[in-house]
Every structure is written in structure tokens, then in C-alpha cells.
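Heads up, there are several structures right after this.
What follows is a pair of complexes built around chain A, which joins chain B in one and chain C in the other.
For the complex of A and B:
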């Protein structure tokens, strides 16, 4: 059921980037989603993310993120006006509430709630895209040189997790056949029953860990300095994507320094597009951020681009 | 200079009073294919670990004597250098894979050796090609099948380009097809690439004939050492438990030679006996089981009717499965991986509910009410006996089941401990026992409720011949007492020897169901070695007792010596 949420190699162009390039790109997206206040900028980022997610054939996975995001958005929209009094356009005068004071709901507070929800949706979409676009093993491999043992531990845990889930299910069935009812009894009784289950798991895992360690030793683990098997060769597409990410970051920093992307909600919300530079800065940043998508489309329709990147 | 020279090797595991290896002296030449055979606890695995340098380095313990690899004491060798020379593949593929992806796993040993990236790329590519792993090169290791995992474990060792391959029961956890695949690869490595192979195996029918040399171990010592045929000849006089079934059969008679394969066995059989035309078609005399009339008279223990089941992923696993098992029957369910055997088992234990069809067990509708209705009267033994063991003592393990079902009479515990020869371990922690003893504890812990139905999932995996025979006899005895036994297994030899009825499944359907001679006698691939040997010569023979009963009387006068094929007796 959860398979769709995790990386699956579909042989898509957007999945072919070097993990360093993907990480740099997603980092820029994440940073911009945190720095920008202008709803137009945030909406643009969401649109870009939607196109990227479509590019990695991940709409089905994104659906789950969207549902959670929209729900959180509604919660923020509902809660924010109750605690923020800064808005000038009051749309509903509420009663006096102890500690909170008069419950006046302003349009700006609701607007701010909605935009905060939108920001949350963008951030969740960035993580969704990470899950779909980059092989976690390749990311781990990237850090192998710097933190080899930690990376190996994470890989081992990742590899063992599905096995442990399977074992847990099987042991639970065995226990049920020995007369254990996990759903019955008081909370304390249930905790005791589950402790039996985890006891079996723990004992078996300890025994298994010895065998894994033995297998590792038989393959010379710990016999000397390790090297790192690198499967990811950087290609022109990676340099282009990384360069574009950096340029987008610089453009965004310049824009923010000059007020492009900033937005005031209180006491009265700013106009979405106050001047031409606001649109120009957005256009420039988006252009750079669109580079992976442009390359992806270029590869689809242009043999020359495909051969060069 | 020999590849290995072992001098008076004696080894004790930490805190052990009994030596695992006693005064082993051995010489191994380069390029040999050595099969190490013997019962559980005979020291096979310890010897393999000593040759791979893991004993005593990894385990600790006390060691006496020396192991020399190419003239150098193995204990003074650099571990990296030793790993480049000796590669070891273990029994359980699940417990030797470290990385999340196939390619990374193959490279794991190479990274440990500190090779440069270019060299690693080359070796990984070579191994992927040789082992035909292209399809799964980028796959997540946890999603691989058992056979693919073991192949990967072998690949990751081969990538290190060792000269010696030590294999500790590499096929014991695999289905017959995957096991054959691994054994063929090992044979190729020995014959075509010149690898020295040291392999431990329990299922001798699969690999006895592949070996140049056989070491038979007993109580930590090498009891017999020689070429496969020499060892076969020497051991054939002692009841021959460590011979393939074909050789074991001929060991009981004054045959001119001792065949090791079905082909040799058939040739010898044809030369030894005069085949009567009607004998080929005559059914076996010593059938186990009852006539259809007897079966009809029995009550139904398990009744599956038109069962259909599809997993949430959309995979249709059971397709119109119907099965009626009477009380006191011993049924073995055979079939390839993914045939639907385990899914069917989960239905008749009530752990899954059918999409369509009905499941009745011991007269209760399981599909509707789930496992709670039947579990008090059903014993279920999963593939891994460790799933059952977590109490401090063996006795507590049995009492745990009784307590859960609210059964007050604890005298049954003594009876079970006695029956499974566990009395001496009553106060022992079950995790301190051997694998065979653990299985007995697990079985005792589910049988304390005196169930009417006993279900076992792959009970013979990794079990030696003695324990297997013990289990088979026990289960048969239970059926005599009126209990129903259903065993899901890949072990055709076990099914042929002990079950009365065979259900064969394929692609979610029951493709064959009937008395074992009917089903296994017709099958070419799902047939025990004796069945294959007698096919067309003396049809209907599946077990030793049947072979003895039908073939022995025909031998003796026409035994023609055949110098070219087996071992002269």
C-alpha cells in the first residue's frame, strides 16, 4: 500500500540526475518556500512542483500529501483568525471569550492562514518529490566517504525494516494461534501481550545480527580502510541543473533584497503584483528552476539535446 | 604445496565443554570439489568456518592445532588478504545481505578490500553478467526472492575473486528450482573457472554426484574421507544414512556397483532384473493410506470449496481451490514458490478470509468467524521454530500455550516433554538448544492442547535426515491416533516417504490431488529419486520399503557386473 510513497526506479529522465544535483535543487526549492511570503510566488512554486511530480509519474503518491496538506491548510485557516487580531478587514464580530478577548475574524488573518497552509503544501510537495525522484541508496552513497559507518548502519536498517515487518506479522500470527488475543484485555494486559511479541523479535534479531556480522567479517569488513563504490557519474544535465539551482538562489536573494517576494498581510494585505520587478524576479527565478523540466522535455523531443546531456 | 593443510585441529566454542572439532587432519588440493556431509552437530559448519578463518577469529573459544593456507598459518594472515582468497556463503540468504540495492551489495566486499572505483565497476559488471543478474541489478534487496537473494550472496563473494568457495548449506532455505540453479552455478565455477569448492549439504541427492571428494563427519571428527564413490562404498555397509537415496537402495543388496545418480541407478537396475511386462504397470504393494471407501467413511477435518482470493495489490493467488481432507489423513502440499500453498494455508487457519468460497475446519466455518473458532483445536508450526521461543525455560514455553487457552491440567506438559525427549531440558532456556531441539520445543508448545489438526509449513528446511525421519514418524503416528496432518513442503522425498496423500498446486490452482502413488508416480519432476529410478521399470515405487519389497526379490540371479558405471562393491 505504501509502495507508491517510496522511490521506484521507473527509468524516467527526472530520476536520472546525480543525487547531489537533486539535493541542491530540492534544497533551493525548500529554502525559497520558506523565504517567500508572496502567495503568487508560493503558488508558482506549487505549480512547478506539480509539473515535476507529474514528470516522475507521482500524482498518485502526491494525492496523499495533498489531502494531508489541504487538511492542515484548513486547520491553520480556522485557527489563525482566532488568535490573530492584526487584520483591518473584519468580516465577523464574535463574542468576548475569556483569555482570548473579542473574537473578531479578519479577512487578512484568514488570508494569512491560507497562505501558511499553501507554504506547508509546497514544503510537503518538496519532500514528496524527494521520495519519488532520488534513490535513497544513491543519496547514502553520496555521504559514504564522509560517514561510511553511519551510512552502512542506515542502509542495514533500511534493508532490515521490511524483513522485520514481515517477521513481526508472522510471529503475531504464531502467538494468536497459541491463544494470545492482542485486542482483548485491559491496557496493561495488552501491553504485556505485545511485550511477548517484541521479546521474540528482539531475541531473534540478536541471533540474526550475529549471523549478519559473521557474513560481513567473511567479506573483509573491518579489515582495513574501505573505499567507496560510486555508481553515480555526473553528466552535463547534472552540471546544468546545479548551475541553474545556484542561479535561481542568487536571483531569489537579489529579489528578496529588493523586496520582490516579500508580502505584508497586516493590517491590510498587499497587492499580489505591486510592480514590474516583482513579476520579473519571479520570472527569472522560475526560469532557472524550470531547467530540469526543460531538459526533460528537450530529451523527449530533441535528439540533439538528448545526445548532449 | 597443498591449498589447505589442517593439522590436529581441535576447537571448543566459548563456554562449551564438548569439542566441536576433534583432532582434524586434512589436506585439500587446489581445484577440488569437496562435499562435507554428516548429521546435525557433527562439526561440518565448524570445519567450514575454520577453513574460512572465522574460527576462532569471529567466535572466540579455545583452539588447538593449525590450519595452513598455502603454507601460511591462517591465523597469521591478514584478514583482507584471506577474504581475497577464501569466500564463504552461508545458509540463510536473509542473514547475509547488508545493502539495500543489488549492485551495492555486490560491491560491499570490494569496498571492504579498499579497491578503486574503476576496478570495482569492472568486477561488478563481470559478476552481474556471469550470474545473469541484469534484471535485478537495481532492485531493492528486501524485495528479492529467496533464490535471488542466495544468488546475490554468491555474487557478492565471487566479486572478490576468491580461489576457494566455502558454502554452508547454500540451498537449505530454497525451493528445488532455486536450489538447482545455485548448484549448477557452483558446478560451473568448479569446472569452468577452477574454483576450489568446499560445500556442506544435507540434501545429498542434489549434489553427491557433483563432488570429487566427500568428507563424512561424525562427532567433530572426519569419519570417512575419499572420492564420492569410495566414501559411498565405505559407508554403504553402515545403514548408509549419508548417501543419496539411489545409492542407499543399492547399498542394501549385493549389487556389482553402487550408482550415485538416477541415470546410473536405472542402468544398473535394468541390468540386474528381468522386467516382466505386467510389473511395470502393477501398483505398489505397500501403499500407505486408505482406500477411497475408507476415506469416505471418515469425517471431514478440512473442507475448502471453490476458494478464490486476490491480494490488495491485485494479484490473484487462489483460483477456485477445492479440497476435502478427512480426519486422520496425512496430506503433503507441494508446488513451486508462488503457487498459492501458503495462502491456502493461511485460509485454512483463518488468518485470511476468502473473496469467494467457503472454508470449513473441524466442522466450523472459518471464513466467517476467523481463526479464533478453531485455534484451540489446531496446531500451527511456522517455518521458523524461533518464532515460538521467548520464555525462560522449555517448560514455561509449553505452559504459556496452556495458560492462554485456560487449560488447567498441566500433566500434559510432562507427557509432551517425555514424548519429544525434552525432559532433560525442562529448565533450560529454549534459545540455548540446537536447531533440532528448538523445533521439538516449538512443536511441543503447539501440541499441548491436543489438537485435532496439525499444520506445518516447511518443517524439514535445514533439518538433517535423522530429525526428518523422527518428525515423519511422529506425524504418521499422530494420524494413526485420528489427528489430521497437513504439511506444506518442497521436500518431495519427505512427502513420498511419510504422507499418504499429495496435493499439488500451481498458479493458484490444485492441479493434482490424490493418493501419493497416483500423484508422484505420474510426475517426472515432483518425484522422489527412487521413483525416478524405477519409472518405467517398476512403476509405483516411491519409498525404500516399497523398493525393497518389490525389487529385492527379483535380484540376485541376474546381477550383471557393469564396470563402467558405479563403484565395485
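For the complex of A and C:
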């Protein structure tokens, strides 16, 4: 059930980047999605993300992510028009409601709600890409020097997660073979049966944890300062991607400083493209953000690029 | 247009806070192998409960009470770790997002509050923990709404926050009711089991006494 959403090594070019390069790239995408107000900019980011997700063969997982975000998106889109009174184009005069005042719904407030929904889709897509593009174990390794024990605990727990789900099914089956019918009886009887299942699960998990601790001690865990060995060495593609991410961030910051990417919704929404610099700034930022995709396509069709990166 | 900046600040504050908290707790706690494996196992247990049954049981979060009890039995640091890790781990499977750090902080606080109850009311039993779990059902929603409010709502007023909170009230109530029911049904035996393992772990070598 969860396999599609979790990282799977498919040997794709976009999955071959160093985790630090991927984290830097995705962090810039996340920052931009939170900084930009202009719907055109957010839409461009979404299109870029769609292309990247296609590059990691993850449309199926993306669909799952977007479905999960629909409820949150509806809440965001519904709450904004109800609370915002700043819009000038009133499309519905509502009744007076205690505490909230007069429920007038403006076109601008609905527009803002829709753009907030778009922002949510961009943010969810960034994290969908994270799930598909980088192995979580490699990301954890990156932080193992700074917080070794925390990383070890997260790595252990992540490894135990599927085992735990399998154990749950196994213990339930054993209990069913012994004559326990989980679907039979009154609500209280069923609660009692499930409570037995829970007890067995908890006890067996904690016993397992003691065995793991003994095994760790037998392998000299905690006997001295831990050593770290990393097989992930950065390659030219990683430097190129990280450099492009930084340049995209600088270009975006410069653009925002000069008003490119900012957008006023109230009292009347701005034009989507107010001037040429707005488009130019978007083009520059997108160019840098496209670097991993350009490298990916370059690798497919050009042996020279493939040999150099 | 300062609202987007607030969204960014709140998200960044979440990421930095959770990183500092985990780092600080790790340095202070001086965890041994038994504690490390126990924390990892309990975190995996809670994460599995959150991911597998969370959606099926209408977001009732059937393992939040266990985090509370862990803090109650093992103390604040273990409670924090066991609380902070399930959102991170389960979100690897059900969807990471900028909400993850705030979920980690909230769940971590659930674990720490269990330890706080034990130190403030040494005679407290599972009934006190159950009441606290019920309160956390609403408190968790209120904390997570702050993140959502700062990122997706404008203007940032108490009225807009209240409306957002009201929109999620039914889900918060389900979570609170779930916590109450699960803790009432399973809390007592969970405390017994965890106390048994707490004693088992509390090994002191003769030369250190």
C-alpha cells in the first residue's frame, strides 16, 4: 500500500544526485513556494515539479499525494473568502453573522483562496519529489556526524516500520488460527480481542528491542567514539545542481527585492504579468531550476555530457 | 504582503526548533544501546499505528496515548524522542511536508507532558493520563492550525485563526475522543508493560553503585 509513495531505486539519472545536492535543490523550491505570491510564478513551479516527477517516473505517487491534499486545499479555499473583507468586487452579499460580521464574499478573496490551494499543491509536490528522488537512508547518513544517535534511532525505526506492519498481520493470523474471530461479537467483545492483539504486539516489540540492544552491544556499540564512513562522494553533476540552486535563490531574492514575484490581491488583484521584468525574473529563476532536468536530458542524448558529469 | 513571510518564518522556526531539540536531548540524555533500541521500537510502533490505522479510524491517532504513557513511565527525554519520531517516520510513507517539523514538536510535547504529569502529581495513574490525552486531542489540532493559518490564510487575525480552528473542530474532536477511548481501554495495561521494561532496563553495575 505504501510502496508507491516510498523511495524506490529505479536507476534514473535524477535519483543519482548526492543527497546534499537534492536537499539544497528541494529547499530552494520550498522557499520559493512560500515566498512567491504571483500565481504565474506558482504555476510555473508546479509545471517544473510535474516535469521532475515525470523524470523520476512518479506520476502514480504524485496522484496519491494530490488526493491527500484535496481536503486541506478545500478548507484553505473555503476559509479565506469567509474571513477576508478586503476585496473590492463583492459577488455575494451574505447575512450578518455574530462574531464574524457581514458575510460578503469577494472575488479577490476567492482568488486568494484558489492561489493558496495552488501553493499547497506546489508544497506537496516538492515533498512528493523528495520521497521519489532521494533515498532517506542517504539523507540520514548526511546528518550522522552531527546527531549520530538520533539518526540511528530514526534509521532503526524506519527499518522496523514494515516489519511491524508484517508482525501485526502475522500475530492476527496466529490468533485467528487459535479461534479468535475479530469480526464476531459485540463492540465490547471485539475491543477486548483487539486489546489482546495490542498487548501481544507491544510485548513482542519490546522483547525484540532488548534483543537488538544486546546485538548492538555485541557489535561494540557505545564502546568508544563512533566512526563515520560515507560512500557518497559528490560528482560534477552535484556541484552543478547545487550552484544552480544557489543562483536560483539569489535571482529570486533579487527579483523579490525589485518587486518581481510579489502580487497584491486586495483591494483589486494585480495583473498577472504587469511588466517585462516580471517575466524576465521568472525566466532566469526557472532556467537555473531546470538545470537538473537539462543535465538529465543531456545525459540521455549526449555522450560527452554523460562522460563529464 | 507580509503574510507569506510569516508562513516562511513559522515553517523555518519549526525546522530549526525540532533540529535543536533533538540535538540537545541527544547530548543531554547520553542514551545507551537499550534506550536507543527501545525508543526506536516504540517510535516504529507508534508510527505504524499512525500510518496504518490513522486514516482507517478517521484520524483518531490510535498511538498518541502510548507516547503520553512512554513519557509518563520513562521520563521527558525518552518521551520526547518517542513522540517526535513517529510523524517523521510515518510521513516517509504517507507524505512528508513542511508540516512534519510542527507535528514532531507537538508529538514530542505530548511525550514530555506525560513526564511533567508524573513529576507534578507523583500519585497520578492512568486516569490522569487519559484526561491529558483527551486534552491533547484538541491541543494538537490547535498547534497544527497555527502553521496552516500562517501559511495559507490572510489576513492573520484571531478571527481567521478561530475560523480555521472551527473548520477542523470535528477532526480534533474525533482525535480527542480516540485518545480518550484508546487510553481508557489500553492505558492501564500499557503502563504495566512499560514499567516492567523500565525495571528491566534499569541495570546498574556494582562498580558504579
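Just so it is clear, the second predicted complex is superposed on the first by the 279 of 309 C-alpha atoms of A that agree within 3 Å, B and C clash if a C-alpha of one lies under 4 Å from a C-alpha of the other, contacts with A are read in each partner's own complex, and residues count from 1 in each chain.
Note that in this section contacts are C-beta pairs under 8 Å (C-beta built on N, C-alpha and C of every residue); 3 or more make two chains touch, one makes a residue touch a chain.
Note that the coordinates shown come from a computational prediction; the quantities given were computed from them, not determined experimentally.
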Q: Quick one: classify A:149 as touching chain B (first), chain C (second), both or neither.
A: second
Q) In the superposed arrangement, does A:119 touch chain B (first), chain C (second), both or neither? A) second
Q) First (chain B), second (chain C), both or neither: which does A:293 touch? A) neither
Q: Counting touched residues of chain A, say whether chain B or chain C comes out ahead.
A: C
Q. Now for A:82: first (chain B), second (chain C), both, or neither, which partner does it touch?
A. second
Q. Which of the two partners, first being chain B and second being chain C, lies in contact with A:216: first, second, both, or neither?
A. both
Q: Applying the touch criterion given at the start, work out whether A:309 contacts chain B, chain C, both or neither, answering first, second, both or neither.
A: neither
Q: With the two complexes superposed on chain A, say which partner A:30 touches: chain B (first), chain C (second), both, or neither.
A: second
Q.
Looking at A:171 after the superposition, I want to know if it touches chain B, chain C, both of them or none. Which is it: first, second, both, neither?
A. first
Q: Go through the superposed model and pick first if A:204 touches only chain B, second if only chain C, both, or neither.
A: first
Q. Which residues would you name on chain A as touching chain B in one complex and chain C in the other?
A. 136, 152, 156, 158, 160-161, 163, 199, 203, 208, 212-214, 216-217, 221-222
**Q.** Contacting residues of chain C [partner chain A, same complex]
**A.** 1, 4-5, 7-8, 11, 22-23, 26, 31-34, 36-45, 47-48, 51-52, 81, 85, 88-90, 92-98, 148, 151-155, 157, 159-160, 163-164, 167-168, 185-186, 189-190, 193-194, 197, 200
Q. What residues of chain B sit close enough to touch chain A in their complex?
A. 52, 54, 57-58, 78-80, 82-84, 87-88, 90, 92, 94-101, 103-104, 107-117, 120-121, 124, 138, 141-143, 153, 156-157, 160, 312, 349, 351, 371-372, 375-376, 378-380, 382, 384, 386-390, 400-401, 403-405, 431, 445-446
Q | In the complex, chain A residues that touch chain B | A | 1, 9, 135-137, 140-141, 152, 155-156, 158-163, 167, 170-171, 173-174, 176-181, 196, 199-200, 203-204, 207-208, 211-231
**Q.** Complex contacts: residues of chain A adjacent to chain C
**A.** 2, 5-6, 30-31, 34-37, 65, 68, 72, 75-76, 78-80, 82-84, 86, 99-100, 112, 116, 119-120, 123-124, 127-128, 130-131, 136, 146-147, 149-150, 152-154, 156-158, 160-161, 163-165, 168, 191, 195, 198-199, 201-203, 205-206, 208-210, 212-214, 216-217, 221-222, 262-265
